[in-house]
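A single structure is presented below for examination.
Order of writing sets the chain letters: A, B, C, D and E. Residues in each chain are counted from 1.
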Amino acid sequence: MLELQEVVKVYLRENFRHEVLKGISFQVSQGEFFCILGPSGCGKTTLLRMIGGYEKVSGGRILLQGEEITGPGPDRIMVFQTFDQLFAWQTVRGNVEYPLKINGMARGERRERADFYIEMVGLKGYENYYPHQLSGGMKQRAALARALALQPQILLLDEPFASLDAQNREILQEELLRIWNSLKPTVIFVTHAVDEAIILADRILVMTEDGDIKMIVENKLQRPRRPGMPGFARMWDFLYEQVRSSRWQAEKRKN
Amino acid sequence: MLELQEVVKVYLRENFRHEVLKGISFQVSQGEFFCILGPSGCGKTTLLRMIGGYEKVSGGRILLQGEEITGPGPDRIMVFQTFDQLFAWQTVRGNVEYPLKINGMARGERRERADFYIEMVGLKGYENYYPHQLSGGMKQRAALARALALQPQILLLDEPFASLDAQNREILQEELLRIWNSLKPTVIFVTHAVDEAIILADRILVMTEDGDIKMIVENKLQRPRRPGMPGFARMWDFLYEQVRSSRWQAEKRKN
Amino acid sequence: MAKRMFANRLLSKLFWLLLLLLLWELISRSGIFEPTLFPPFSKILLVFWQELTDGLLLEKTCYSLQLILKGLFLSLAITVVLSFGAVSSRWVEDLVDVLNSILHPLPGIALLPVAILWFGIGETSILFIILHSVIWPMVVNLKTGFRSVPSIYLELGRSFGLKGIRLLGGVILPSSLPYFISGLKIGWARAWRAVIAAEMVFGAASGTAGGLGWHIYMTRYYFDIAGTFAALLAIVIIGILVEELFFNILEKMTIKKWGMV
Amino acid sequence: MAKRMFANRLLSKLFWLLLLLLLWELISRSGIFEPTLFPPFSKILLVFWQELTDGLLLEKTCYSLQLILKGLFLSLAITVVLSFGAVSSRWVEDLVDVLNSILHPLPGIALLPVAILWFGIGETSILFIILHSVIWPMVVNLKTGFRSVPSIYLELGRSFGLKGIRLLGGVILPSSLPYFISGLKIGWARAWRAVIAAEMVFGAASGTAGGLGWHIYMTRYYFDIAGTFAALLAIVIIGILVEELFFNILEKMTIKKWGMV
Amino acid sequence: GCQQKNPENAVLPDRTASKITIATQYGLGYAPLQIMEEKKLVEKYLPGVEVEWKQMGTGPEIREAMVAGQVDVGFMGISPFLIGWDKGVKWKIATASCSQPLALMTYKENIRSLKDFGVEDKIATPAVASIQHILLSMAAKRELGDARALDNNMISLTHPDAATALKAKKDIAAHFASPPYLFEELADPGLKKVLTGEEAFGGEYTFIFGVATEKFHDGNPAAYAAFIAAFNEAVAFINSQPEEAASILAPKYNLSPEKVYEYITWEGTNYCSTPYGIMAFARFMKEAGYIEKMPASISDIAFANVQAAIGKRYGEMSAIEKLQWGKGE
């Protein structure tokens, strides 16, 4: 179980403290699919990075199975938001295989597993491309394949589908859910798309623009979920309104 | 007027030719809002880069007002898909002001203009941040502000809103349309979101996955457009089907 | 890269420095090595202090330093021109490459006949030796730096209407600053080495009393090894000061602030 | 950066090379400069050819080259260890910084007393001088390179379970390869300069006939300037070969292929 | 000297174009030059002359500077001079500067003479054709019967490095030292003398010469004459008033006046403008193949003022001329 207790993140800039996250507390249980929704710049990436152990908390604690997180580890794999997360010196296949190799998987097995996930994200035929020869969306898909191939306990996904077309996005959502169903990792998924959150998540955390929790919504819709299904639209309207109002409030507070 | 005549793009890889674009021809008239829709990896970015003059064509010609494009120029400004397009050594304000300064705008005027656009994209208060201190979405918005502040004849936008929340995206769509209405630049806009294309574009180019034109759809819906308005859903269904089928066909051809 | 826990690195550097000096002192005092050849640090310090107070060391240091600064500025200008030429034009690049592979490995001492012939035996020749030592490593670094500029920056720069020298100053140089600073650090150290070596050859040729290099030559000649080390100490002290005051602050104000390193 | 129109750069380099040589020949023949000090290239080539065919030059070159390669490999190992230590631990970084600012600017010649005292006058001392010349610029570059590794790569590496030496080999080194190659280029050139200078000091001390440095010293002593230049020509030819065959291919197979430059 | 020219009747163009560049190396062997500089002796003989003093690292650089036309008069040992002359450099000896004691020093108990050097006992000399090297070959010829007997023992190391190695007892057994290294080594109780330079040569020889280009000698006779006169006066001054000379020289060498006095009056040191032993060295270098030509007479390698100091008697050699050939002839 993952537990955040009053997590605070402050960046010190020349003349003032930028308080990005102001005391975030929530729990995610083992095998849960947890979504984070919030306006741009509210601190979603920062939050994910702290769970990943890449960033120190400025206050509060993050506990994993009761123990404080001190750094990155192979139990938590993150797919970053940026396009530069593939190792430039490895091909697509090399990138997907590499962490498996590090963790001691035999050559044949890791080749097979890598190719399976590469095909799953639709990059069959591009195994021998170097990252700089891929399009933006293809890079993101390759990074996703690498993360999934590792089959970690916790998957931290930072807008992994942001640069994908609707079609690709739909397919990958389905694949992700399939994997989640079979291996039951804990997934923490940052997204901007309200419908994506509804389709995927067990619970949805809505953040305010100034780095606080607006609310956590339980998503009880039956799986598999589809935009047209009963309750979807209501939920969408509700969440959309929450995100919007959190933004306006923050704006008002500022002025 | 922008005219593409049988534009071909081929990348040479060690042992074979990767034909990314296979003879693309279309025209975009002055002041038109032109959208490009297509699956990930189909060549949208490549196409935009060639129009921008950053990439040579392998065949065919691209004409701007009847003259062939030979390189980049201040008449065409591109907002790239990646997050690393802000100059790391300048603040947000510096980044927005810099091209204005280059083009000889006086200090006071460019400051004013920069601040106007920075506020427009919702980055007020972040003027003095360096790019590495911004979130992904904030970087994209800053890049957009920089491009808009230049008020070029042709705006090349490569998924500028991909990493923005729905709320921010909606606001910026509106702002973009407002600017387009008043200054009437030619806009070529790459997007993955079918609804975004419908809301913004005069015409929509749908690409097949293997780098060809599937069709160009005229969008005659009344402006301002809203998802709920009559005809929107039908158009959406139609386009979505086109994108999807173009993808499946390509896949079939491959196997 | 690694995050530091204490803000004040100077303290820990000082610690290392003192430790090294202590080690020196101990080894020297232990008598393992001939003490005239490996004098204890305390004695070096004494000589250093004497020469410092009677103004001798300061004068010589200033003379050498002045040569180094001239050399560095000239080198900098030439390096930037060469590297920029190299990234702007294929032909210039090939010329610079050829010059670099010809001249970089040639020791200054082997070029002395030509230097003497062309520039005589005064300061100009010393400058020539410094330039020859400093330019090539800086060119290697700056060329790599220029080539490593992300193409997106160049594309943006060109889009904004930048060309030639303005593209260089506005985009290419700031973006390759880590390479530039590395090159400058190497150049600075090389300039010291070159000036010492060149002064040993050209001595007090320019009519003045000569600089630190000539001083080292003279002290070695009369077997005043402590004097030699005192002169080296002057170089070391200046080196540390420049590192801490110039390079560190430069990095803090630029590439560190910009998140480049 | 700049796109090339012709695939074959060698041709254009050759063109420049020939042009430079022609210029040399013309200036020398014009008689502006004393021809004994500035012999025409044709004469140098003649001497070069004679010395090449009688095996002398080859032997001397091999001797020096052998020293250089030993020196480079040792330096490489030490540099990687130092730089990696520096990015792994705050303390080691400070130590390396202190050592660098102390030792980098000190000319090898000034360290001769210590070198002789410690290592005598044989090959070991020459190696010591080479190491002292090569290590520091490589450390400067590699440290900057290591610090410039995008933090996302380090984060990923650590996530995958890499630590220490495996993080170094798997992530840090490949990602900082442009700096590494730059450093290696500088180190290679520096090693030449150092070996020439050191051989001039230690001469044929090691019992053999000595290398190119000693040869240069002797030809200069005997006022055989054409002979000096012939030896330099050998260095230049090797330099060009290594640049074209080793460095260019290395770059093509790595950083160019990976889109890093 | 040769034609003693009064400054008053010097040829006009000479006086206007009077500039003389003198290059020396470092060490007390060049003491007359510092006296000349300090007491402005050249200026005394040729008022208005501009004298440029250059102090440089080693002989080859001075030679190159002279060939390049940057230096008129340079000071160096016999070998660099003869090698240059052999290669066609237009220059001749203008004056001798001094003789200095040279000695082969060792720390090895068992080495008492050249016979005791084993295969592994390395002897350091500054360079292959250096005067030390040649002296050692001469001694080997005399004592061991073969000039090349010690060739495999000899290695080349500059003086400071050789002195360091000897003190460190590292890799070398002996060093053929010249002042001031010799003084330093003589003061070390762990070191002893095996052979002196005079024993090796078999008589007196000059250690350092002043060499002038023919272009300077012919083109600027007034300045040349002034230089010779001034040099002679400086040598006379050192020899007649050594204490005063020492106090003038001391600051230039960063040494105490007492030390300088000790050095310039050291046994075997002789400031003297008449050269000794030049033909013997030339002959030996020719025989050993270091040079290809043998000077037919002293006037081939020395200007008239030197020839005047040596003299030339009809039929046989003058006493000083004989000394140019050493005892070997």
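The rule is simple: contacts are C-beta pairs under 8 Å (C-beta built on N, C-alpha and C of every residue); 3 or more make two chains touch, one makes a residue touch a chain.
If you're wondering where the values come from, they're calculated on a predicted model, not measured in any experiment.
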Set of chains adjacent to chain A and to chain D: none
Farthest-lying chain, centroid of Cα atoms versus that of chain B: E
Separation of chain A from chain B, taking each centre as the mean of its C-alpha atoms, in whole Å: 26
Whole-Å gap separating chain A and chain E, where each centre is the average of the chain's CA atoms: 84
Whole-Å gap between the CA centroids of chain B and chain C: 48
Per-residue overlap in chain D, given as positions that touch at least 2 other chains: 33-34, 37, 113, 116-117, 151, 220, 260
Junction residues of chain A, two or more chains touched: 82, 84, 133
Where chain E touches two or more other chains, by residue: 64, 68, 160, 164, 168
Pairs of chains in contact (touch as defined earlier), listed by label: A-B, A-D, B-C, C-D, C-E, D-E
Complex contacts: residues of chain A adjacent to chain D: 52-54, 71-74, 76-78, 80, 82, 84-85, 87-89, 98-99, 102-103, 130-133, 150
Touch list for chain E against partner chain D, complex: 60, 63-64, 67-69, 80, 83-84, 87-89, 122, 127-129, 155-158, 160-161, 164-165, 168, 170-172, 290
Residue ranges of chain D in contact with chain E within the complex: 33-34, 36-37, 112-113, 116-117, 120-122, 201-205, 207, 214, 217-218, 220-224
Residues of chain C defined as touching chain B within the complex: 150-153, 155-156, 158-162, 166, 170-171, 174-175, 177, 254, 257-260
Complex contacts: residues of chain E adjacent to chain C: 23, 26-27, 52-58, 61, 64-65, 68, 70-71, 160, 163-164, 167-168, 180-181, 184, 253-255
